[in-house]
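Two complexes come next, and they have one chain in common, chain A, joined by chain B in the first and chain C in the second.
What follows is the complex of A and B.
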């Protein structure tokens, strides 16, 4: 009886309190510790450069001297008065208009095809994925040869009667942007196909079986089951394409260098050219415009597709 | 416990700050290490060359390193090569950080861009009059920006014409043209005989077209006191008309719209072009890549009137303002660009000319041999008498070149009429000069 002193409840209470506090603190700290490396990296390589670019866009910044005078909106005014900026902006939007539908639908069709139980489906998956792992330098050189005046594409188009004589698509102002966009689509095909494949494999098979029993055709199944149920994948691919399309650089730099006469100069090429000629304030101003456009386009796309998802749920 | 979390967070922050402070203090230490004491040069001095890796250049630069270190035993010379197409990017990155080279090989246009931002050391008083006088005037001027010397000329190439002798014989063309009309006629004959495009106008980033325009204008300034003077120039109009016509008729290949000399080189190697203008270095890859075409190659004077000025492309040495070893950097730049070393370099490269008066007197340049490359060297030394830096370094050079490239291609492809192209070009140049406030004449 003596072993039940009044002290015990106190000790118990004490222990309980300590445990609770310990749990609370670890709960609070653990996620932050896991996030810390990512936060540090993002802050250093993403947030800080964006803030710096924002600052430089309001200064007449001399990058080598590391100093700049505040000029207000003068850089934006100068940039908007530059006809090459508008050419670059229009080229970027045109590039997106070409690439977006192709990147959304072509990989989807491929994914549906390679998702069938047919012989060699695995080989096809690997083949379509090959361009993704091909270095852009190699891909660009290969496409430059294919597009050349004496290349196979020119010969094919002449035979089809599209052109009167041998034509290099990369050096014609009217075709250069589409030719580069084709390279981008070819390169991304396998990557987006994998995303769609993952989406397709999450669709329950019994949905298709029920549809078949109800007499739905393959096309009906594709439009009424596959596409709606792939909406999350479509959203993901669209947003990724928009962001990648807005910052397209490598393929252009390696194939056309922005030419001929600026026909393939996109916003990122414009920024790069301005930066390399040490006009960093204008480059920063253009970078801010690009950032705003990318955010706006992604938000719009996400809103449209989430609305569609809601409609489907209803 | 909340207190403990706070301690944790503040501890981490303090550690991160300390690390960055340590990083900063290392830079300061380095700076101190590079200074010279008691008049003797000491420490480390780094020199960047552009696309000169591999033999025979490795041996040449090893000898330069050894010789300079013999003169200054306390000095450690490091020579690094940077690919030409990455040079501007690397220079810019290094100048905005702390890891700058002490001496760097630049072209005059990028040099002026960096000098305008205070990125280069003013060498006007750092270099002796004797050294200054040792250089050929034109190349020396290419190192000047706003009356100050920012770079010492190293090696040069002057423009010569290259043509495929076999294709010309087939077409019955025995002489190189010396005006635009002759250029069209000769190029058409070669195209008709070979069935392939024959003339490739090198555009590059627009600079070669600007230089070509100065040559064609032959003494009439194309820019006067920062104002374009090209709209009423009949010779320029004739050139713009002829190139547009040649592109339309397939005499100029479509790839010319891409502009680079590299593409011209590839087409020439494959026998898809028979005539273009470039430096002697042009033949380098052709000798190894297409020996038959190399053997058939012939050199001549640029495709302009005999007395017209031709461009000299200069590579020079500049010293970044952030150098950690100023005295040693200047001494090394002077050493590498002295007459003896420049002559040796020209012999090693085999396709360039030195920028010093004394080395040009060497018999090597008068009797270079009988290879196509040697004939090119001979033509290049002949044209040196009328060669100069046709476009002076200006702050707005990037804007001028971009506009020139874009508008010339629009003219080439018929998107603009030749008259419209010249008008548009004049307007773009004037805008660039208004923006920079430069009052140059060339």
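What follows is the complex of A and C.
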């Protein structure tokens, strides 16, 4: 079958009135027929559970019985009075503060490196991307092994003189959150590198050429041209990091489980723990706090990227 | 000239150092998986007496053959369904004028902001009520139709010139035919990108399979691996390493096969976030 559309002269065909009526009802139905399968699934497995979660946050919900009484804002009050909720919120923010600068700068450096016109740049690009395609569970377990007391990281830190004896960073309250954050950063390096790479390739080459004719050093070119020209990519990576960072789960659940003594219990871990102890109403209330944070970050991103989308639409 | 060559050597040195950081963990895991029974795990980097016995043990005794099948089945369900339903749903949202379009679109996009952890408990209960606990379909309900997929497909449709469809209508084709015969072939690269996203999302998914599969016969690779790692000690680490490598190999093969789509997919996804 010839799938190439044939371009015809732009002549409007006349439609008979009887046909028009039939066409009208079809015209009304057609879009909804296209939408039907996806809408049914999304409504059932996404929208309905979301609405239920909102409802549960105002109920004293018993998941086993499947019922609950209306308690107003009692769940939120109980949650805000819970010291571990605040610990979780602070841990979430601390996690973001650790991850954000690393996610913004390390992938940028990687992108500048693999953007060089040198032999093998493509191969390095692939090798840097490898962690991105690794299932998160695998990444978490690999790093758990690397972090173990007799593992290579501990050995290295002892050699550097950071620690006197073999130490597992994941079991120290002071280092656990940073150690987990390192896994997140490692896993995302390649992904954000690609975003920066796209940004770098949109910078005109002649800007650099005239700069080097003027005698600007490589460092000066990086700080005075590359970084300012990459501003859109930087904001994008920042917001993506914030949104993804708020939802971090596997790295923590599989390495520290939230410990030691709550040091890595983020908001998501808090929700998970509440769910596991069947406090689903508190879990829902905490979920709403997480949602509000996620919406704030997403709106920020939409504002920042709406210009790019407009560009696409033209 | 000399300084230029020097700087090139530095460049390579730095790039290789970064490779050690990104690829190193895989090699260490691979070496660990190849150590034989009596060998200490951390005594040396390279296995003294390399063996594949841990891979065989993972497959046979630790049931990774079964987990592999479960994961393959749910991925095989998720990819075609998600591609079909998203590419269908996105079409009117990009190309037709109808009442309620902007509302539907806004609703779909806004659900992308909702963290899974908010609604996992109600979803868990719903899956139980619908008889989806410990079923393949139950494991994959979240992936067979995604808001992100609809958004991605819509973006792709928006880039197609309208004239291409209009001429097909004049030829007498109906909406469905135009979508299937004219539009869909034009967005093939996006379909591949969405297939990759669906694959990654399903293959490595952890939290939902963890909640929904209470019987070990329904475990996916991620869950099997997590269960195996509950006994995280010397006796088990070689097995965990072998199972980790086994879990990663399919994603690695697909990456090698569809490399350029992975790269473009990252930036496609970034526009949406």
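Just so we're on the same page, the second predicted complex is superposed on the first by the 246 of 314 C-alpha atoms of A that agree within 3 Å, B and C clash if a C-alpha of one lies under 4 Å from a C-alpha of the other, contacts with A are read in each partner's own complex, and residues count from 1 in each chain.
Just so we're on the same page, a residue touches a chain if its C-beta (ideal position, glycine included) is under 8 Å from a C-beta of that chain, and two chains touch if they have at least 3 such contacts.
Because the structure is predicted, anything quoted here is derived from the model rather than measured.
When the shared chain is aligned, chain C comes close enough to touch A:250, but chain B does not. Looking at the shared chain after the overlay, A:172 reaches chain B, while chain C stays out of its contact range. Put chain B and chain C next to each other and count what each touches on chain A; the higher total goes to C. Contact with both chain B and chain C is seen for A:63 once the two complexes are overlaid on the shared chain. By the touch criterion defined above, A:300 reaches neither chain B nor chain C.
With both structures placed on the common chain, the touch criterion links A:259 to chain B but leaves chain C unconnected. Residue overlap on chain A between its contacts with chain B in one complex and with chain C in the other: 28, 63, 66, 148, 150. Here chain A touches chain C in the complex through residues 1, 3, 5-8, 11, 13, 28, 30-32, 34-35, 37-39, 41-42, 44-50, 52-53, 56, 63, 66, 110, 113-114, 116, 118, 120, 124-139, 141-146, 148, 150-152, 186, 189-191, 194-195, 198, 236, 239-240, 243, 246-247, 249-250, 253-254, 268, 271-272, 275, 280, 283-284, 287-288, 290-291, 294-295, 298, 301, 305, 308-309, 312-313, going by the rule given at the top.
If you check the complex, the residues on chain B that touch chain A are 1-2, 4-5, 8, 12, 16, 88-89, 92, 95-96, 113-114, 116-119, 250, 253-255, 257-260, 272, 321, 398-399, 402, 405-407, 409-410, 413, 415.
Here chain A touches chain B in the complex through residues 21-22, 24-25, 28-29, 36, 40, 62-66, 84, 148-150, 165, 167-168, 170-173, 256-257, 259-262, 273, 276-279, going by the rule given at the top.
Listing the residues of chain C that touch chain A in their complex gives 8, 11-12, 14-15, 18-19, 21-23, 25-26, 28-29, 32, 41-42, 45, 84-86, 88-89, 91-93, 96, 98, 101, 104, 107-108, 111-126, 141-142, 144-145, 147, 150, 155, 158-159, 163-165, 167-168, 170-171, 175-176, 179, 181-182, 185, 200, 203-204, 206-207, 221-222, 225-226, 229, 232, 237, 240-241, 244, 247-248, 251-252, 255, 259, 262-263, 266-267, 270-271, 273.
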